[in-house]
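Pasting the structures here.
Next come two complexes, and both contain chain A; in the first it sits with chain B, in the second with chain C.
After this line comes the complex of A and B, so read on.
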């Protein structure tokens, strides 16, 4: 029982982390709001499904295709919608949230509801001690580690990754240093959406692709980023572990339908105690003074 | 190298720069001297192209109307409509006033972000150069830039601007808010930058006394208009300058 809780808590934490990484690239590290994030996540799932079942493509073509198209759509959202309100944070949030709503409800309108909307999963299971874990969940853990590691390297050791940090902190200074801020921001939105799509491809096979999941994904990603502190990769990992285990413990010892409330409570608590998050880099200066 | 021709800038109906022309030759240190609200920063922003971005952002949010007339030439080409990041690529790098750094990043990370246009080898070289020029920064490599003192932040800002590999370096009020000791140190550093890298410098400053002796040429502006021009040392002896800027 305890062993199972520990293992499934870890898996749940990795799921949360995967979901939050892409959101953190765009909103946390680059300071561009993309609240269509949950919709892009779900869209990647439906695109992969369409590739497999409508176009009868092989998986190795349908999956990367879905990732690329999702990233492309995100770049278009930046170029045609976000760019017009760039710099007005509230407008950015409202505009992208609106786009997200439109995408999700369009899928609902088109009738993408039902049990047939599933993605293929790895069929195998292993025993870890007395607990049975299926291969798909192990794949999720592996993907989580790989994507988190790559993100850390990318944002600390590549020019574009460093430029993400630059445009979040001071756009004008970035301009004077020769950084094309709009191009970098668009790339950041696309990069985050690509991460969302990758997360969707490994996580969605666990269940069916459902429109409502898009809203939950956004809330969870937001919770992890806020609790961990915007812009901090280490913060994301710690916050996913905290919220992930809290959710599993809630499900085990209370009831499953309380799970969704955990991330909302976490947001409220952290905003009351330490608004910049556990490892927040932004606003730390102001808080100290 | 740089020529500004008949530049006029309005914020709404208020004129900030009024029919101003100036010229900078390769390798010179040129000063733009003037009091608060004389139009120095607007001039620097116009040369660096930042004003185009400001105009766009203001228009987007329905804010202030910014009007720019006149031309800016760099190495013979008209760059009046070139965006700021393209101008940085061409070699015009502005170090904005009030030490523009990335406060949440460490000193090294600040310099690395500034090396966006450079190769890895150039970035490494630039880091060494910055630490050689400003030994204070070397002590705080891993420290968050926001926790540095004002003078150190200004040094970092200049180090970042140099990292871009400028042909023309624009410094906007580098001495603002620094202690006299720090000012002397910074003026020495600026002279060293000029002699070591051969970069052309344009410095906007209201406190002219520590700088004026070293200026190849200085433009004194008031309310956006040129009032006096001449080589720095010559202006030092000008009674009007003495009374207006030295407090004698």
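After this line comes the complex of A and C, so read on.
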């Protein structure tokens, strides 16, 4: 019982982390709002499904195709929509949220609802101690570790990754240092969407692809980013572990009704006590006065 | 020859800005028309419309009040992503007072307005020191959490809500109350923002540390602004509770947080009239699109994005500019 809780808590945490990583690249690290994130996540799932079942492509072609198309769509969203309202925070949020709404509801309108919309998963299961864990969930954990590690390396040791962090700190200063902020911001939106697509490809096989999941994904990603602190990859890992275990523990020992409440209370407490998050860069006068 | 567009104030605006220079009917009309015409037009529109559209106008007025409340808060430097908190608080206070104590709507409306404002202010008091996105996130999370708490603890009717509440009166009575409320809110707050008090609130938004260094307790003023704004939102909630004769978990839903912000994005912030205009565009539009079925939300979202991207300053600012200024091509000096 306890062992099962621990293992499934870890898996739940990694799912949260995978979902939050892409959002963190754009919003947390580069400071570009992309509230169409949940829609892009779901879109990647449907694109892969379409590739497999409508075009009858092999998996090794359909999956990377879905990732690339999602990233391309995100770059287009930035170039034609976000770029024009850059700096007007309310308009940024509303415009990207509107795009996400349009994408998600379009899929709903086209009838992409039902049990046949599933992605292929790895069929196998292993016993860890007394707990049975299927291979897909192990794959999720492996993918989570790999993607988080890659993100940390990318944002700390490559030129583009450092530019991501640069435009979040000060866009004008990065301009003077020869960083093309528009291109970098577009690239960061596309990069985040690519991460969302990868997360979708490993997580969605656990269930069916559902439109409503897009909204939950956005809220979860936002929650993890806030608790962990904007701009910190380590913060994301710690925050997903915290929220993930809190959710699984409340689901086991209380009712499932309380699962969402626990993560919301965690966010509220973090915001009230340490607004920049657990590992975020502390900005004394910017966060409270 | 390089040219640029130049904007110049219209003569009539310059003349009529000074009250003592009002010499002709034309100038007085120029000032009065944009203020009086909407009031008259909305009144006539509502009284002649069908029952269905009269109801749409009533809920439009309430969304407009939520949007105005957003703009008041924003003028004092607080960005809210959770107008549903104010709306839901007012709705539940009015609903429980009516359901458990049997108070009539004319008693629950003022009680819910004041009570809702007070409760929301007290709830947000601990995070009043937070700025910008951090304050916004707290307001976004609170209504979502209250919704879940009601679901889990099953208080006040739980998921079923409270139904069979006392109605407000006939369609016309409802419409008139909503109309008076929204105009009082708009012109009252516009007047307030013009006084020294409003200037102080704007100062807190522009540079809170400068206001502090002038020896002014900004938390006290922020709390007051919060109370005013949340009371307006609570009124809207209480009113809709009696109009629908029902209160339940949906009053804390994300719709009531997003619609006011969308109105602000379309109408343009900072003037209070902009957000109101925005909701008078968006709410009837979403009703018009109802016939399209599933495509409704898609088209609605596309229009919303087109408005925010095509006219980032907002419809109201655009119209106001066209009304008070003219544009011409001017040659650029070498």
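Details
The rule is short, and it goes like this: the second predicted complex is superposed on the first by the 280 of 289 C-alpha atoms of A that agree within 3 Å, B and C clash if a C-alpha of one lies under 4 Å from a C-alpha of the other, contacts with A are read in each partner's own complex, and residues count from 1 in each chain.
In this text, contacts are C-beta pairs under 8 Å (C-beta built on N, C-alpha and C of every residue); 3 or more make two chains touch, one makes a residue touch a chain.
None of these values were measured; they are calculated from a predicted model.
With chain A as the common reference, the superposed partners chain B and chain C fit together side by side. In the superposition on chain A, A:231 contacts chain B only, with no contact to chain C.
Judged by the touch definition given at the top, the superposed model places A:85 against both chain B and chain C.
After overlaying the two complexes on the shared chain, residue contacts for A:261 are found with chain C alone; chain B is out of touch.
With both complexes placed on chain A, chain A has more residues touched by C than by the other of chain B and chain C. Of the two partner chains placed around the shared chain by superposition, chain B is the only one that A:163 touches, whereas chain C remains out of contact.
In the superposed model, A:108 lies in contact with chain C only, and not with chain B.
Of the two partner chains placed around the shared chain by superposition, chain C is the only one that A:275 touches, whereas chain B remains out of contact. Touch criterion met: A:172 reaches chain B, while chain C stays clear of it. Computed from Cα centres after superposition, the angle at chain A between chain B and chain C reads 80 degrees (steps of 10). Of the two partner chains placed by the overlay, only chain C lies in contact with A:97; chain B stays clear of it. This overlay, made by fitting chain A, leaves chain B and chain C with a least C-alpha separation of 6 Å.
The interface of chain A with chain B overlaps its interface with chain C at residues 84-85, 88, 285. Within the complex formed with chain A, the chain B residues making contact are 48-50, 53-54, 57, 60-61, 83-85, 88-89, 93-96, 100-105, 109, 112-117, 144, 146-147, 160-161, 163-164. In the complex of the two chains, the chain A residues touching chain C come out as 81, 84-85, 88-91, 93-95, 97-99, 101-102, 105-106, 108-109, 219, 222, 226, 255, 257-258, 260-261, 264-265, 267-268, 271-272, 275, 285-289. Across the complex, chain C meets chain A through its residues 79, 126-127, 129-134, 137-138, 141-142, 144-145, 148-149, 151-152, 208-209, 212, 218, 258, 261-262, 264-265, 269, 294-295, 297-298, 300-302, 304-305, 308-309, 312. Taken in their complex, chain A has these residues touching chain B: 84-88, 159, 162-163, 165-166, 169-170, 172-181, 231, 281-282, 284-285.
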